[in-house]
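Both complexes below contain subunit A, partnered by subunit B and then by subunit C.
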Partner chain A sequence: MSDADRTDETTFDAGESGPDEAFEPVQVFPEAEEMDLRPGADSCYKCSTCDTNCPVAEVDDEFPGPKFQGPEQWRLKQTDEDYDVDDSVMKCSNCMRCDSSCPSDVPLSQMHNTARGEYVREQQSKTSVEYWRNRLLANYRTSAWLASYVPRLANAAMNFGPARWVMEKAMGVTSEREFPSFATETFREWWASRGGAEASRERARRARIERGLVAAADGGDGGDSRDGAADGDDGTDRKIAYFHGCYANYNTPEVGKALVRVFEQFGYEVVVPEQGCSGTPMFANGMLDDARRHAETNVPSLSALVEEGYDAVCSCTSCSMALRQEYPELFDYDGVDDVASNTYEAVEYLRINEDLSGALSGVEVEYPDLSYHAPCHARNQGLHRQAVELFRDLEGVTVTDVGDSCSGISGTYGWKADRYDVSMAIGEEMFEHMEAAEGTTGLTECPTCAMQMEHGTGYEIRHPLQVLEAALVDA
Partner chain B sequence: MAIESDVLVIGGGLAGTMAALSAAREGANVRLTSYKQSTLRMATGLVDVLGYVDGEGPVADPFEAMDRLHEGHPYSILGEATLRDGLSLFDDSVPGYRGGHTDANALVPTHGGTVKPTARYPASVAPGVASAGGDLLLVGFQTVTDFDAPLAARHLEAAGVPFDVDGVTIPFPGDLRDDAKVTRYAQSLDEDEEVTGGGRQLGTRKDLAERVKAKLDGHERVGFPALLGEENHDDVRADLVRYLDVPVFEVPMGPPSLPGMRLEDRLFAALDDSGASIDSGNPVVDYEADGDGRVDSVILDRNGNRVPYHADQFVLATGGLVGKGIASDRAGVREPIFDCHVPHPADRYDWFEDGVFDDHEFARFGVDVGEDLRPRDGEGTVAFDNLRAAGSVVGGYDLAAEKSGAGVSIATGYEAGRRAAEEV
Partner chain C sequence: MASTPRVVVVGGGSTGVGVTRDLAMRGLDVVLVEQGNLTHGTTGRMHGLLHSGGRYAVSDQKSARECIEENRVLRDIAAHCVEMTGGLFVKRPEDTEEYFEQKLRGCEECGIPAEVLSGREAREREPHLATDVEKAIAVPDGAVDPFRLVVANAGSAMEHGARIETHAKVRDLIVEDGEVVGVDVEHGAKPGERVHGVQSGREEIRADHVVNATGAWAGRIGDMAGLDVEVRPSKGVMTIMNVRQVDTVINRCRPKGDADIVVPHETTAILGTTDEEVEDPENYPEEQWEVDQMIDTLSELVPILSEARSIRSFWGVRPLYEPPETGTADPTDITRDYFLLDHEDRDGVPGMTSIVGGKFTTYRMMGEEIADHVCAIFGIDADCRTAEVPLPGSEDFQVLRDYMDEFGLRSPIGRRSVERLGSRAEEVLGTDAPNPVVCDCEGVTRAEMRDAIDQAGSDLNASRIRTRASMGNCQGGFCCHRMANELHPQYGEPVVRDSWDDLLQERWKGQRHALWGEQLSQAMLNYALQATTQNRDSDPANRDGSIAFDAFDGGPEAGAMADGGPTEASDGD
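Entry: the complex of A and B
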């Protein structure tokens, strides 16, 4: 960390004011109007490690890399008022690998997000096809929400050849990919028809009795028993707020269902709060206003629950990344930090709070062998090895790590006709390793990595929560 | 308390990986946690043990020269046998390294044109060592500005090497951007990308060899900056040898360093094979003690979540002042996780001398340990029964002046891991 963001308290002199006088602070510097990224820029000693980790720079010679996009561009802007953000910032896929590679803690992705936001706000034409294409892709939740009313029709229409041809020609959305199909029953519909939070509380209570956390007699009727018993002993503090995001709701409700069943099995009461998009695709497209709009739903909704003792849990590693890192880096309002420091990825949460390895030992599952790809955003949270290590000793399934390359799709990135080839070139290494591995089923936490894995190999893709469900709930 | 292991190693550099390998070999259940990617990527990939003692050198035999080190140097504390055992563990764990056949140091040409006394080095460097003999041609590339081959050649000749050295600068085949990274050059060679050379289409390797052949002029070996491939590194070198018909070697470079990345890959593959768990991405910021002078858990910070990692034994391998395992400000010098005692003069103007290459006090800053590698407080009392330190977080030696960084990391890592596993 640079010294620029520290004040040296030892040299501070309060002057004449004694202990009895009211101290009147004087505003020396003008109120900061935008984020001060100077400490980050100063911490960069130009070792270029970030550049050698950038999957886009690896395959696209035109892309100058994260060191330029972040600290160097920031410095250019300080010396030249007319400096325009270089349009190459739109080629950054927001994989955030530069963050986890930097030995000097430079907040590279924060610098990229800020520069990209400025580029879109001030330089990108609001009447261009690119702007509207990006906006459409970034606001996937809106399209998915509409489609969820007519899922069958949407599935047919979205993959209707001539329509896709038009979308590519007119909008620049590649026709190479198949649109993911919409579930005929969304996760939230399933959740409501199953009885919602009430039913979950009852299931969790029964699981706690079964686990011997609490005697059947004083069986803990959920909320009320909190007053009497000490939190933690009877398990009534086991409660999570599930942030399912868009994909598990509209496309893969089986992942959300697996989460609910696994957590309830461990005695956790699940609630499913009001929520929007996490903002990940919006950050990646520089649509910071759109992301802020959704954050204004998510943060109050989650922070109210955090205050009641709930932890926020995500099944998508990009959602958890957004809530715990991008929100506090880019937005400054009440509750952002509380939500960030109480948000977890689902499997991570169980590893921390439960003896998950112990629960899996001696269990045998019937499951296809799996080729696991660690999403870049999981890597950034330090979660890229947990699935492989967790399932290493699980009988009945072999999980092979297919290496540390990026899948290349990066959410909306690989959907852009002009980035499709780059996306597939980045993914090439992963496809090769998947094909060399034993398993012909894929495993990953990230919905769009899953799309890319399926697109490149034709494999069916599962989520680690589904493996846990098979091992702990179905068995 | 769900994240648990017998031995938890904090730090993913050379000392940390050696400690984890050592403990795993003794049968312990091991987890290694690293804040960021391993700093091995920043290093040359060379393994130095001891090159200079009190400014005298290069020393021919590091084991023989150990006797002349001051009391309190990690080598003096641990002894020669421990260093040798550590090097054996390194040799067993890392394929493709040379130098184990002799106690003597090899002299490896560096990209600055000096020779570095080195105990182990990658096979790709071997044909370049001084003792291999033969007139030497260094080849640099116009766009790889970290390596000025003619300048390095003149430096080497001035250093008095017993053979002729010349340097040439040529354009790299193909049309890479002027500020392409070393990994991009490596990739072009890895994939043998088609380039246009002299009006014909041919592979990067062949094109490169032909450009060099025109300058070969009787030289008996050819050195390139260390960018000869990553994934297909051995094939790249073999092809160049075949086309040029002379030995080809790499000159280690500054960060980011391909030989460093290859060493990282090999060490982490060995860790994986040993069954150790690895995680990275979050810093260790704190610890919890159980009141009996033992560390109960360390706390990882995951963007505000404080996640406890429990273990029976802990190894601190977080690096020195550069690696941020030792922190300093105007008020003092400290070890930031456990607040272990770091001996240092009270007046900060005594921390350094005026000349850049003088004998600086700060270069030896680090925790104070005994032969069991447990950090001690100011009175010499062990701080925690189950905490050991390894690598440059340990004080009492000047790795840059002595050229002893890798050797101390290997010896202390090996010993800390072994002792930790023994007590599980």
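Entry: the complex of A and C
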């Protein structure tokens, strides 16, 4: 496993080959856009529940809503490949709320992703500012990768007033927002300097001994502890592959560190495999070729580990969403389904496999009171109540759920100058509820929701893993 | 003759409008009478196949040759009604090689372009074909919208001076001195456009000649003059799928049999059909097993049909005819050819001609033959021009590139509208007024709906066939009331209400045979919507007597409301 070294970055070059030439995906459908969506059009009975749950449609009268973007448009244009996709599909923020609101299981976001992909491929001018702006935003990982070499310079330059003015005028990137700062040490740099997977294995082994899962002599060194494993859980199957995504690596390594420490505390061996972007910002911008290129790194990398018994764990709910839902919907590689069914969000994973509430009971933590916002993509995975439920009985911290509205930023969406106002209008309800709640610190799993929360309220924003770290990991 | 001969054509299907247009273009004075809407009979109940002739290439080569000839004509004169999908005759392992060869040879003999495809090549064109399909013959089949075609013919006929009367039922033929001299019709509404609830009486329309183009109903018209027209109506079921499982017409390559064709039609696919003789063209059983069996059988060709959503089923009656004494036992063996019956020659009753048999694809040719015949009777020397002059909507019809910018519509909606309207698109859609979508499923806007109402009066079913509004997957659940709303203020409340009722009844009728799976969910939602938000289950306005408004109390006191209501008051502190 290539652990801490910086992996080769793909650039904006539109060339088709992925970073790993040896990997040949099995593509039943030559283009994702040609996947058969007939069942989706058949399942829709037009009830419009998706439209009433769409945060963009709520604030933007020009946006026709998910029902039109998905099943309706698909059915109207199915007859003829000359049919254009309506350009309003670019106003969809890909929050995917329509998916969870549909009573009839219409794969709305899949229909939107394919329509958007087709729009960008067939209709959007490849020389337009909008295309390159979206491409730049969608490939955040590439910018962040460059910036991580000179984080202090990048932080200064990216928020330099005149530079931002030019970016807005020339590229359509709003100057209203402050760019998130780049960490001076990336998560992967920290991970490598800490000893990587070897060190993690050792820490996990010691934690297992401490927890009495395995005798000190036995060691539980992972590979051949067959005799000791006779009576069940010796903890040697506790191993996860951490998919940190871009943001925890370049911007908030403290979230990644918290994950590593918490999991090791429970006796989990952590590996940090080779990985690219999950593709979430690329799907949202119709850049399916870019997303595919990254998937061609992620899927083989993770599926090899899944075969070895690792589960994939994400700290970002949009990353886990992409690996679990969008990958199998849009790509037909070997291993894509295995990865999807073995991917979890970090807190979810611990709640399934460990007695997390038990571990927290009786613990007192010193932490500011928190206003929790559930990201839409967490909602789609059924995770929107977990932080509130989990920390309800934790002494020393009060967590208030600020309601079920969308934050409005939806990744790259709120960064577009022409969508900024819509983004803020959607976020208005969340801002108001945050103001009304006791806590003046925010809590959420999603890095871009965190940006929006911070932007709208000025609060500092934390991740649930950081609360767990404070409660469970000895300083 | 001193003045222009007047001809009454009975029947507003494809044949009736075809002959009406032809005669009107030749300068005759023509009146068409139809008991229901245009396409009310068999024309509105067909699978929309534009035959290449391939289906008749073995059994009926005369019909096959006529089909390929008319196929080419219609592509030209009715471009906005036709989609050239292409067609395949596919061979399954159990279908004989011998017949496949016969079919191929037949196509060659009839001048039908035919190309043999391997199973793999066929599946490349149509990925949902069954994996055991061995090979296929590709022919130039197409899809045609019968409603649009008939409306365009009627429109053209009116431009040439014809009078078109729908909802005008022929009560009797007027026979004087052994000669048919006119028809006695009962108007369902005043002459001209239909307006619901407008009473109108009988009208005697005198004519120099009557053309009986009533298809399966030809026997009934014949009876009125004591003529024996031996039409053998044969029913067939068709089922409409919600989406297109195939984009090419799929025919089963075997001699004959039920359930052997899938026709892509607009946003849907239509499965056909069965063939069973019935006594009465208006009253025959419609049975669920016919639908089930058809879906099962066609799933052998296109397996996903068994899991796909069907939105409705309908039955049509073929106007089959065979000359007396032929005595064919099985209706599938009766010829699809058409026959012109000159009742003067045949029965010694001058003044009327019947046209029977035939099929939709050759409607124009049939019209031409009758028009020639009628002109010959009156010694008129006028050429038929129906094969050259495009129908309204198909003049200079080029696919416009950028509808959205042109008409301010969302891309697929603009495109659909233009495909339906053809060269009339600009005239209809070029409005400055707000133009919201009335029917979401089929992408029909207010401007198109209003245009249809201008043509069809208050009859929403007539506007429906012009626009396809309410013919998509919700089957009118979300748009019937919007369509009705477009009638106002041109028409008053009682008229709108009657028309809305007619439309709802018609929409529900076809869904009765699709009530399982997704369409059952749809029907339940539609019912709930129409009952709870529109009072359609029991509308007080439809009850006799007035509503006792006095029985209701005056509502909560104004003062109590201002205090914020009882709940908040009670747990205030």
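The criterion applied here is as follows: the second predicted complex is superposed on the first by the 429 of 475 C-alpha atoms of A that agree within 3 Å, B and C clash if a C-alpha of one lies under 4 Å from a C-alpha of the other, contacts with A are read in each partner's own complex, and residues count from 1 in each chain.
Note that a residue touches a chain if its C-beta (ideal position, glycine included) is under 8 Å from a C-beta of that chain, and two chains touch if they have at least 3 such contacts.
None of the values given here were measured: they were computed from a predicted structure.
By the touch criterion stated above, A:47 is placed in contact with subunit B and with subunit C alike. Contacts of A:64 after superposition on the shared chain: both subunit B and subunit C are touched. After overlaying the two complexes on the shared chain, residue contacts for A:101 are found with subunit B alone; subunit C is out of touch.
By the document's definition of touching, of the two partners only subunit C reaches A:38; subunit B does not. By the document's definition of touching, of the two partners only subunit C reaches A:87; subunit B does not. Using the contact criterion defined above for the overlaid structures, shared-chain residue A:127 touches neither subunit B nor subunit C, since it reaches no partner. Once the two complexes are overlaid on the shared chain, A:354 sits against subunit B while remaining clear of subunit C. Number of subunit A residues touched is higher for B, counting subunit B against subunit C. Within the superposed three-chain model, A:79 lies in touch with subunit C and out of touch with subunit B [touch as defined at top].
In the superposition on chain A, the residues of subunit A touched by subunit B in one structure and by subunit C in the other are 47, 64. Across the complex, subunit C meets subunit A through its residues 83, 127, 242-245, 247, 264, 266-267, 304, 307-309, 399, 404, 410-413, 415-416, 440-443, 472-474, 477-478, 518, 521-522, 525. The touching residues of subunit A, counted against subunit C in their complex, run 36, 38-39, 41-47, 64, 67-68, 72-73, 75-79, 82-88, 104. Residues 2-3, 36-37, 39, 41-42, 176-177, 179-184, 187, 255-256, 261, 277-282, 300, 302-305, 307-308, 330-331 of subunit B are the ones touching subunit A in the complex. Residues of subunit A touching subunit B in their complex: 8, 10, 47-49, 51-53, 57-58, 61-62, 64-65, 100-103, 324-325, 328, 337, 340-344, 350-357, 379-386, 389.
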